[in-house]
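Next come two complexes built around chain A: one with chain B, the other with chain C.
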Partner chain A sequence: MKLKLDKKDFKPFLQSLMDEYDLFAPVELAEGVSVFKMIDQPGEVHLTELLPQKPAKEFFFPQSEIMFRYEKIGKQKQMISEEEVKRERILLGAKPCDIEAISIIEKVFVGEEYTDVYFLEKRKKTTIIGLGCNHPLSTCFCSSTGGDPFLRAGSDLFFIDLDEAYFVELLTEKGMAFHKNKFFKEADSKDLTLVKELEEKAFEKIGYSIPVDGIEKRLDLMAESSFWDRVHEKCIGCRICTYLCPTCHCFDIVDEDEHPRGKRVRNWDSCLSPLYSLETSGHNPRPTCRERTRQRLMHKFNYFPKNFNQVACVGCGRCILYCPVHFDIRQAIIATSPKRPRRFVGKRI
Partner chain B sequence: MVIKKAYVETTDRMLRTLELSFLNEEEARAFHFVPGQFCELSIFGKGEAPFGIASSPTENGSLKFTINKAGVVTTALHHLEEGAEIGIRGPLGNGYPIDLFKGKNLLVIGGGFAFTTLRSLIAYLLHPENRSKVNEITVIYGARMPGLLLYREELTQWEKMSDLKLLVTVDWGDKDWKGKVGLVPNVLEEVAPSSENTYAVICGPPIMIKFTFPKLMALRFPDERIYTSLERRMKCGIGKCGRCNIGHLYVCKNGPVFNYTQLKKLPKDY
Partner chain C sequence: MIQQKIIEKAKELLLKKEVDLVIGFSEWTLPLRTTPIFIRTPEGADSLIWNSLCENNLATYLHKFSRFKVGIVVKGCDARSVTALSFEKRFKPDQVFLIGVPCQRMVDRRKVKRAVKGEILRATEQGDQIMVQGNNFETVLKRNDFLYPSCQVCTHRTPVQANILIGDPVEEVPLVEIHPDVKEFEKKSPSDRWRFFEKESSRCIRCYACREVCPMCYCPECFVDSSSPKWIERGLSPEDLQFYHIVRAYHQTGRCSGCGACERACPMEIRLTYLTQKLNQDVKELFGFESGIDGDALPPLSTYNIEDRQEFIK
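Moving on to the complex of A and B:
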C-alpha cells in the first residue's frame, strides 16, 4: 500500500504514536550531530539525513542494562527480577543500515539453543519505522555489504523524505496495523516517480563498491598472514569503532553492589580492549593490538559469516567517520583482495 | 545451591573444594550433566565465574567444584562458610565425548588444578555401571609439588585399584615423596602407552599441553583422537557475550572440549 504523510501532519502523527507507544527517534544535539533518544516531546524528533552518531542498537541492547537486582532479606541475598517492558515501542527514523544490523544482532541473541530474553522482549514489542537514506555520506558503503540506502528488509513501515511529505510504505503485519491511520493519505504517481529518482540518486552518491564478496574465503587463507602485522599499526585501541558499530554486540557482566542491595549489569564491551580477553592468571590470548585488530576484522568478515552466512558489517561507515586515527575498514577490506575496485582507486577517503 | 562441605586441597591453600547441594529435590533431579561440562557460580555483589564440574554425574545429589583463589569471585568463594548459599547456572558446554570412548582404551593426562574435570571423567568411568564402557584406563597426573596434588585420598584409592593404571608425578619431590619425579610430557614418553585403539584426553596448563602434543604425535596418536579442554575468560557462558571465541567457535558453547583436528584449523587465540 502506497501512502504519504504530509510534513504539517508530522507532529500530530508523532503525538498520536506517543499516546500508545514509547517512541525512540533521532534528535539533533548540535548542528550536524544527531542521536537516538526516548522522545518526550514530538518537537524533539529530527528525522535527519545525517547518520545518527550512535546506532539504533541501543534501543534493543542498551549500553548499560540491568539484568536483575538483589537485596539482602534476612540472612540471604534474594534475586529480584527486573521489570518487563510494559509498553509497545516504536523505533522511528533508523536508516536501513542500522535496521539490517539489528537483524544481524538478533541472529546471535535469538539462537536455537539459548535465547537472550532481555533482547528478545524488546525486539518483540517493537515496531520499526525505517527511513530511506537520501544522502549517503562519503564513508557509506552499504551497497557493498549486501544492503542499499533504501533497503526495506527489517522495517515494518518505511518512510522516504519527499521534502513536502513522507512517502509511507506498510511492509509487515505490524506495519499494516497502521493502514487506517488518519494522518496517512493515498500517494499518487508523482510521488512514486520522486521515490524512484531519490533511490537512483542515493545509489549514484555511493558510486563505488569494495570487494566484500568472497572475503570469508580470502580471510580463511590469511589467519597467520603478515597482513596483520601492518594493518593494526595505527590503531590506538580507543575502541570507538566497536562501540559505535551497529553490529558489535559484545558485553561484560558486572555486579554493582550498594550494600545491602545491588544489581547485576551488562555493559557494552570491546574486543579491542586488552582487558577483554585477559585472564586472571595474567595470560592474555590476544596480548597485542595485532591480535585484537585481527579479532575485530576476522569476526566481522570470517567468523560471523561462517556461523550465520552473512558478514557482520552493514557499511554504515561510523567506524571510519569517528576513528581518531583514520583507520579505514574499507582499505583493510580492499587490501585482502587482489582485485582493486576501479572506481575506488584515486578516490580520496 | 548450598555449600554442604568445603575444604582446602593443597598445602599452599590456594585450592579449595566446595561440595554443593541443591536447594530441593526437584532441582537436583532436573540437573543432568556429563563430565567436562562447567557451571557459572555466582555471589551477589562479587560476580560470576565459570568452573569445571569436578564431581561425576554418578555422585548423586551434590556437585563438586575445586576453586583456585585468583580474583574477586574466587577469593569470595574461598571465604564462604559451609551453609552459605551461592548462585549457579549450568551445566554449560559440551563435555567429553564419552560415546566415542566406548570400547576403546583411554589415556588421561592431567596437570595441576586442571585435573578437576578429568577427575569427573575418571570417577564416572570407574563407576560399576560405566566401567565396562571403556577398556584400559591409564591416568598420568602431575603437579609441581606433592602438596599441590588434588584429591589425594582418592588418588591413594585409585592407586590400589586394578581397574586403572595411575601414574602420579611431581616436578619437585620432597623428602616424604616416594612416587615419580618428572614433568608430565617426559613421564608420558617414558611410559609410552600404545596409541592403538586409544583416545587421549589432556587437560593442564598451556605449557604442559604444548609439550605433550608432540609426544602424543610421536606415539602416533591421530589428531582426531586427542581431546583437550580449553579455558578462556568467559562471561555469559552461552555464546552471546563474545569474549571466548577462538575463530568461529565459542569455547563456552562449542567447547570447552575440542579435539586436535579442530584446534589445528583454528587461529592460535588461546
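Moving on to the complex of A and C:
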C-alpha cells in the first residue's frame, strides 16, 4: 500500500503515536550528536541525514540494563524480576543499516539454543518505522555487505523523505495496522517517480564495492598471518568502534551490590579492552592490540559468517567516522583480498 | 617544505639505524583527517605528511613501543607530553628522538564540517585558507576561524627539548588569552558549573577514548577497571559518569600538556578541556609550573614546599 504523510502533519502524527505507544526516535543531545531516546515531546524528534552516533541496537540491547534485583531479608534471599515492557513500542527513524543489524544480533539473542528474554521481550513489542537513506555518506558501504540504502527488510513501516512529505509503505502485519491512520494520504504517481529518483541517486552514490565476498574463506588462512602484526598498530584500544557498531553485541554481567540488596546488571563490553579477555589467574590470552584487533575483525568476518551465514557488518561506517586515529575497516577488508582496489577518494590536504 | 624536511630527517634516522621506527602522520582515506603511521624503512618515510590536521598526540604510542628506539614527530604539546613522561621515567631519554615541528595550530575538523552544507569529499590547505569541496559546492574558509580551543590558547607551539627542530621557532603569542570554554565556565555560578558538568558528562558512553589517546593515562590498571576494590560501577548512571570524568581530569593536574587530544577523540563531543585547562591554569598561577617545559623541575604534586600556600586549611 502506497501512502504519504505531509510534513505539516508529522508532529500531530507523532503525538498520535505517543498516545498509544512508547515512541523512540533520534534526539539531538548536542550540536551534531544524537542518540535514540524515548520521546516526551514530538518536537524532540530529530531525523537527519546523518546516523545517530549510537546505533538503534541500544533500543533492544541497552548499554546498561538491569536484569533483576535481589534483597536479603533475614535469612531469606529474594529475587525481584525487572518490570516487563508495559506499552507497545515504536522505533522511528532507524536507517536500513541499523535495522539490518538488529536482525543480525537477533540471530544471537533469539537463537535455536538460547533465547534472551530481555531482547525478545522488547523485540516482540516493537514496531519498526524505517527511514530510507537518501544521502549515503562516502564512508557508507552497505551495498558491499548485503544491504542497500532503501532495504525494507526488518521494517514494519518504511518512510522515505520526499522533502514536503514522507512516502509511507506498510510492509508487515504490524505495519498494516496503520492503514487507517488519519494522517496518511494516498500517494500519487509523482511521489512514486520521486521515490525512484531518490533510490537511483543513492544507489549511484554507494556504487563502489569493498571485497567482502569470500572474506570468510580468506580469513580462514590468515589466523597467523603477518597482516595482524601491522594492521593494529595505530589502534589505541578505546571502545568507540565496538560501542558505536550496530552489530557488536558483547556484554559483561556484574552485580551492583549495596548490601543487603543489589542488582544484576548487563553492560556492553568490548573485545578491544584488555579487561575483556583477562582471566582470574592474571593470564590474558589476548595480551596486545594485535590479538584484540584480530578478534574484532575475525568475529565480524569469519566466526560470525561460520555460525550464521552472514558477515556481522552492515557497512554503516560509524567505526570509520568516529575512530580517533582514523582506522578504516574498509582498508582492512581490502588488505585481505588479492583484488585490491586503490583508495576510494583522491587528493587530500 | 616542512613536510619534505620531516621525510628527510626520518629517512636519515632510519638509514643510520639511529631509531627502529619513526612515528608520524600520513594521509589516509578521509578528507580533513590524517592518521598515525609507523615507519621502519627509509623508503616508507615518503608517506609522512605535515599539515593542520595532524591533531593526534603521538606521544601516546611511546607506551606501545617502549622496547624500541623511536623517532617521533611532535608538535609543541606532544613534546611536552614526552618530557613529562620522561620525567615519570616511562622510558630512557635516549630512547626517543624528537622530530619537533613548530605548530601552526590544528584545525577542528568538526567545526569545518559544520560550516558547510553537504558532505566534504576533498579538502586542501593553502597558507591561511582551507578549501573544501563536495558534490555541489566549493568553499574557501579562513583557517584561523576553525582552530581547536586548546590550540587557540597555546603558548608553547615550538617544541621544547626536541632533538631537532624542523623549521623556525614561531612567536609564542596566544590567539586568545583564556581558553574559551574555561572563560565561560569561570563566569558561571557554582550551581551552573555543576549543571554544565552534569550535562556534558551525561553523554559519556564509557568508551574511554579520552583515556586511551592521552599519553599521560598509562596506569596498568585504571581505577575504573579495578574489580577489587571496585571504585566505580560499569554502567551509565550519572554518578559513575561524573566520578570517572572528575577523577580523569584530576589525575592530570600538573601533568597535562593541554594538547586537547581527549576532547578530539570523544565521539559524543563531550567538552573535556575546560576541566584540564582550568587545572593547568591553576597550577601555573599557584605554583608557577607548566608540565613538560623544564625536564628537571618537580611537578607540584610530586613534591612539597614548606612555603606552599595553605589558606585552604581552615
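As a convention for this text, the second predicted complex is superposed on the first by the 338 of 349 C-alpha atoms of A that agree within 3 Å, B and C clash if a C-alpha of one lies under 4 Å from a C-alpha of the other, contacts with A are read in each partner's own complex, and residues count from 1 in each chain.
As a working rule, contacts are C-beta pairs under 8 Å (C-beta built on N, C-alpha and C of every residue); 3 or more make two chains touch, one makes a residue touch a chain.
Being a predicted model, the structure only gives us computed values, none of them experimental.
Placing chain B and chain C on a common chain A by superposition gives a fit, with no clash between them. Of the two partner chains placed around the shared chain by superposition, chain B is the only one that A:279 touches, whereas chain C remains out of contact. In the superposed model, A:221 lies in contact with neither chain B nor chain C. In the superposed model, A:331 makes contact with chain C only, not with chain B. Looking at the shared chain after the overlay, A:54 reaches chain C, while chain B stays out of its contact range. Once chain A of one complex is fitted onto chain A of the other, the partner contacts of A:116 are limited to chain B, with no touch recorded for chain C.
Within the superposed three-chain model, A:262 lies in touch with chain B and out of touch with chain C [touch as defined at top]. One geometric descriptor of the composite model is the angle centred on chain A: between the Cα centres of chain B and chain C it reads 90 degrees, in steps of 10.
Legend: residue contacts after superposition of the two complexes on their common chain; A:254 is shown touching both chain B and chain C.
Closest CA pair between chain B and chain C after superposition: 7 Å apart. Chain A residues 252, 254 lie at the interface with chain B in one structure and with chain C in the other.
By the touch criterion stated above, chain A contacts chain B in their complex at residues 70, 76-77, 79, 108-109, 111, 113-114, 116, 223-224, 249-255, 257, 259, 262, 264, 266, 269, 271, 276-281, 283, 285-286, 291, 294-295, 298-299, 302-304, 306-307. Only residues 27-38, 51-53, 56, 60, 64, 110, 113-114, 119, 121-125, 130, 203, 205-209, 211-213, 225, 233-237, 261, 264-265, 267-269 of chain C touch chain A when the two sit together in their complex. Residues of chain A that touch chain C in their complex: 29-33, 53-54, 63-64, 135, 137-139, 230, 233-234, 236-240, 243-244, 252, 254, 256, 265, 267, 270, 273, 275, 289, 320-322, 324-328, 330-331, 343-349. Contact residues on chain B toward chain A in their complex (touch as defined above): 44-48, 70-71, 74, 85, 87, 206, 231-233, 235-236, 238-243, 245-248, 253, 267, 269-270.
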